[in-house]
Amino acid sequence: MSAEITLLEAVSQGLRDEMRADPRVFLIGEDLGRYGGAFRVTAGFLDEFGPERVVDTPISESGFAGAAIGAAMMGLRPVVEFQFIDFMANAFDMIVNFAGTNRYRWGQAVPVVFRGPSGGRVSGSAFHSANPEAFYHRAPGLKIVYPATVEDAYGLIRAAIRDPNPVLFFEHKYLYRRIKGTLPAGLETVPIGRARVARAGRDATVVTWAAMVHVALEAAERLAAEGIELEIVDLRTIKPMDEETVLASVARTNRALVISEEPYSGSVAGDVAARIAEKAFWHLDAPLVRVTCLDTPVPYSPPLEDAYLPNADKLIARVRELLAS
Amino acid sequence: MSAEITLLEAVSQGLRDEMRADPRVFLIGEDLGRYGGAFRVTAGFLDEFGPERVVDTPISESGFAGAAIGAAMMGLRPVVEFQFIDFMANAFDMIVNFAGTNRYRWGQAVPVVFRGPSGGRVSGSAFHSANPEAFYHRAPGLKIVYPATVEDAYGLIRAAIRDPNPVLFFEHKYLYRRIKGTLPAGLETVPIGRARVARAGRDATVVTWAAMVHVALEAAERLAAEGIELEIVDLRTIKPMDEETVLASVARTNRALVISEEPYSGSVAGDVAARIAEKAFWHLDAPLVRVTCLDTPVPYSPPLEDAYLPNADKLIARVRELLAS
Amino acid sequence: MTSGPLGPLDPGPAPSTAGRLAETALGREQQLELHRWLRLNRLVEDRLTNLYRQGKVVGGLYSSRGQEAISVGSAYALGPHDVIGPLIRNLGALLVRGVAPREVFTQYMARGTSPTGGKDCNLHFGDLGRGLVSPISMLGALVPVMAGVAFAARYEKKDYVALTYIGDGGTSTGDFHEGMNLAAVLEVPLVVIAEHNGYAYSTPTSRQMKIRDLAQRAAAYGIPARIVDGNDVLAVYEATRRAVAAARGGAGPQMIEVKTFRMKGHAEHDDAGYVPRELLEAWRARDPIERFERHLTATGLATAAELEAATAEIQRALDVEVDAALAAPMPPPERAAEGVYEPGPEAPR
Amino acid sequence: MTSGPLGPLDPGPAPSTAGRLAETALGREQQLELHRWLRLNRLVEDRLTNLYRQGKVVGGLYSSRGQEAISVGSAYALGPHDVIGPLIRNLGALLVRGVAPREVFTQYMARGTSPTGGKDCNLHFGDLGRGLVSPISMLGALVPVMAGVAFAARYEKKDYVALTYIGDGGTSTGDFHEGMNLAAVLEVPLVVIAEHNGYAYSTPTSRQMKIRDLAQRAAAYGIPARIVDGNDVLAVYEATRRAVAAARGGAGPQMIEVKTFRMKGHAEHDDAGYVPRELLEAWRARDPIERFERHLTATGLATAAELEAATAEIQRALDVEVDAALAAPMPPPERAAEGVYEPGPEAPR
């Protein structure tokens, strides 16, 4: 068995292995080369792959996202880093309207990965804490991936690069150095589009992804002590969504909660809940429950951000309510 | 009673009346002045209000959206026109991150309206048919308004201008000249944040907004001939959402469908369905139903766009299924 | 061009007194070929206007009337492996690139056999086999994308260049700025043709920017720019040829500003009432096709009769193309749901 | 400034040989006031560095060390009704505008009594009462927004101007381009201080753009730009004063490029290992505060002892400010849910 690595190292290793395996893969973004990226995901890459494949850019998110799209159409495999995923907002049109629609409109695939550090609980405030999955979920033609474990981070970044479609790949910065794990020998890719049952349980299904997987696991451990067994489904891929795994779990447990790190309104959590209410309604013994952030920007000060974010306590309280109903 | 006017004229009249009433209101966007706007919403405004209040800009959506935000902070009441609402994508960061968060972050209100022609069924293809409500629904601090009738178009544009928050105001271009109505004497504003029961009925609730209100009404008329009575809730405001009216209706009918002109994944329809599944679960006798567009960009050719869009036939089929379940 | 009595858009003295077209090394055959492309461009658009009036065109119709020399002259200067990202007024570039008129007609009529199968409209289509990238409507977006196309050439040590167009209005977009600057920093082989045609929809250039020449934009990126008479097909050709050679040779991105005029409204529905008639008249006297025809006859490269014969032949060919397009079916509805994703290396399950 | 042996960022000859600071009409009292702001700027940041090392700062810490003359000199040139949109390195501008050091300390320590009540971090706060607009993190966004602030002045026939800052890196953004061009076309009273400090995070200006001077960007908008020694507070002051007067007088937007150098890493966590040490040394010799102090003593406006006394007084005041900030409470959790919307004219029901 290989050594323990962090989630950050898993992403880094996945990028490195894919670059070693495929000369068409290159990285583009701000401060990737000499500096190794704001979070050091690409530290050492410049030395190994040279400036042609580790391309530092001016501060122009739409510009370099667009350039990556162009290069992807010509057969390269660009991986775009947004220094913080928040700055993807500046490339919104390029990603949604150019990358997302191209294949449908005129048949030309755009195999590009847009990735970067996302998520809160790091006192990053409104512009360094984004979880933008819900902003992009509505955009046809994109795929959205958000891993919670070392294995998935590694296998999914490699799958994202190999995917012939535009893939948004989010890396939760709170998990970057906190989540550790080992890579199974021989692992290359983890398939995009498949959820994972992160914990089996009979009393209720918790659908979630990214950092909230770990919150849900914590809640499940604590509830297990009381004999309450949560089943936890880690979506891993937000789009296209693996309804099958979600619905099968709900069919087993007859109760469902969705917990996610997004505002309540307009969240992907709502979409998940809606699918369950449409397609597993007759399996449900109780209302759907959404546990989300507040409907506010991400506040900065720790007491405020704690109030803003979901956590195990909040989830447990909602599980108890649900089981009592 | 006043004369019949179109929905387009209602928006135009609302803008004009608000500009007459409040010298702080000004319009900014492309080709508004001499040309009167791509859809002629502001025809004649230049003559009446002069170039200081009807401001033609270079092609720079983020630029003029930003300038409107700055002017709004200083006490003006800017109304920004996007020539097609699709181009709002180019101002995404400015709207979501600047306008949306400002009040929360440092207390400064941003009373600005972002408006423009939206929606499909006009062979506009992927970039002239957008219904972007789901892209912005997740953004804290914004309000989103989307009227279906002459009265609401008039009253809500005036309310949007008076609202001290950033309001996205969408005008369905398929309805622009097809929907007619009269304005009640003395009408000034229609309150933002309140849904409307567009038709009372006992058998199922259809929650919808904008062009789909008329599709739902058509379906309801046809079903009424068979004795099936749909209740239709026109949200009018997407954000903040009037849950109360929606839930009260579902409590009466015990069945709910949501029909909207958006892709299935990531739609506001999902959010509405989720709220019902959470908060009116015990009232539901059958699964939630979402009737939406396909999960694709908006196709151009009429047979394709017809297949893409929801319509009365599709809704009726789903209602029948639902009532049979 | 200096400012005349009609203001900044005054084209200056009429061509009869302005003298000859630009010097060129192109021979007779090539010049006659250019002529055929120019005429084809205009005649395809004339047919489209007819189809539009007959209610056959689905959606808007955009014209390049008066600007044909730009698309034709620039595309003609490219090699077979170069890649173009045209805008909706660059029909001529598509034609030179081998797009058949019936493809254009079927696109505009939303037919199932159109290049996009009815999924997208007008000139919104691409085909990398013919070196064509489709635009999106959002102006400016093609500049970064084509910079990326050029980047790929350098990355793979291939010697193609990327060429794209931008309007005066389009240069105001953030994407133009980011794309140009990025192209300059990355030193990629990109050629940008900036079409200064006086208006962006109803907005005159004077309300679009406080500078006279689009070339001044290029200076902000350290990108060399030349200003060229856009109504002289030979001038456009020669300038593009030089810019393409420089880009291909490793000199980084190049820009060409072409001075021209939009002779119709923004689209067919727009009567352009906001354009002073005198300005239109002044520019009509510089019509790029008539000028080129005068040049061909004056230099003895062709007789008027030969040119007319060429035109008549195009008309005959277009009869066939229009009929074929009119006979083409609308797309089957089930196609609407198809083609969002490229099938991946891993099946969904 | 011409390119020296250290490359394009070489500051040239050291100030001792480079001669005096810019001519000014400012009197002794005003120059001493400038000195106090400069020192206060630096000392507040020194305190912040200490607090950061003690783990009291929540999140990142950004420094303007070596660039104080820019924020202080420019803000000092404004009238009371002018409006500033500062970035995270423009602490000096906030201080001149009347922001108390404790406000800055509480912001950086996420306290409930901070100007944002703990909702946003560092210098992300505004207060229109003091003519301050908060930035968002997305670079460039303030340029259009401040153009709109300037627009409002003209609209209401008030005579305030708007002033904002942008880094060399920030000028690559689409928003910079759209905002500058729009400001030029609308002819609004906007002054933009472009801070050319050699780096954007780890990226040297040579990888950010292919031009030498940010002033070349302004030319693309028809905006007049002056290049000024950013480490000479008097030069910055005088250039800003003139630009503000021009903007106020109706001459439209103005830009000033200030040449300077970022003397620390991008933020406290960044050791700036990518910056050549010799470059840092060369610029250290041009430290704006020491230069100004030499000027004050050389011209007889103050003695070294007087300057030291002023500095000591600031230190004493800062002791109080830091203690007050350290004693300030964290915000109550329930505040997180409040304040998203401004209460409207119509209650929700």
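By written order: A, B, C and D. Residues from 1 in each chain.
Definition applied: a residue touches a chain if its C-beta (ideal position, glycine included) is under 8 Å from a C-beta of that chain, and two chains touch if they have at least 3 such contacts.
What you see is a predicted model; the values in this text were computed from it and never measured.
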So the chain most remote from chain C by C-alpha centre is D
Of A-D and B-D, the pair joined by more C-beta contact pairs is B-D
For the pair chain A and chain D, the C-alpha centroid-to-centroid distance in angstrom is 37
Chain centres from averaged Cα atoms put chain A and chain B apart, in whole Å, by 30
Chain A to chain C, mean C-alpha position gap in Å, rounds to 41
Shared-interface residues of chain D (touching two or more other chains) are 116, 119-120, 124, 136-138, 172-175, 177-178, 181-182, 185, 207-209, 339-340
Expected list for chain A, residues touching two or more other chains, is 58, 60, 62-63, 86, 89-90, 93, 97, 101, 104-105, 126-127, 140-141, 240, 295-297, 299
Seen from chain C, its contact residues with chain B in the complex are 58-59, 110-112, 116, 118-121, 124, 136-140, 169-170, 172-175, 200-203, 207-209, 274, 330-337, 339-340
Listed in rising order, the residues of chain C that touch chain A in the complex are 83, 115-116, 119-120, 124-128, 133-134, 136-138, 141, 143-153, 155-156, 162, 174-175, 177-179, 181-182, 185-186, 339-346, 348-349
In the complex, the residues of chain C that touch chain D are 172-178, 181-182, 184-185, 207-211, 216-217, 219-223, 252
Within the complex, chain B is touched by chain A residues 86, 89-90, 92-93, 96-97, 100-101, 104-105, 126-127, 134-141, 239-241, 262-263, 265-279, 281-282, 284, 286-290, 295-297, 299
Residue set of chain A touching chain C in the complex reads 26, 52, 55, 57-58, 60-76, 78, 93-94, 97-98, 101-109, 111, 140-141, 143, 159, 162-165, 189, 191-194, 240, 244
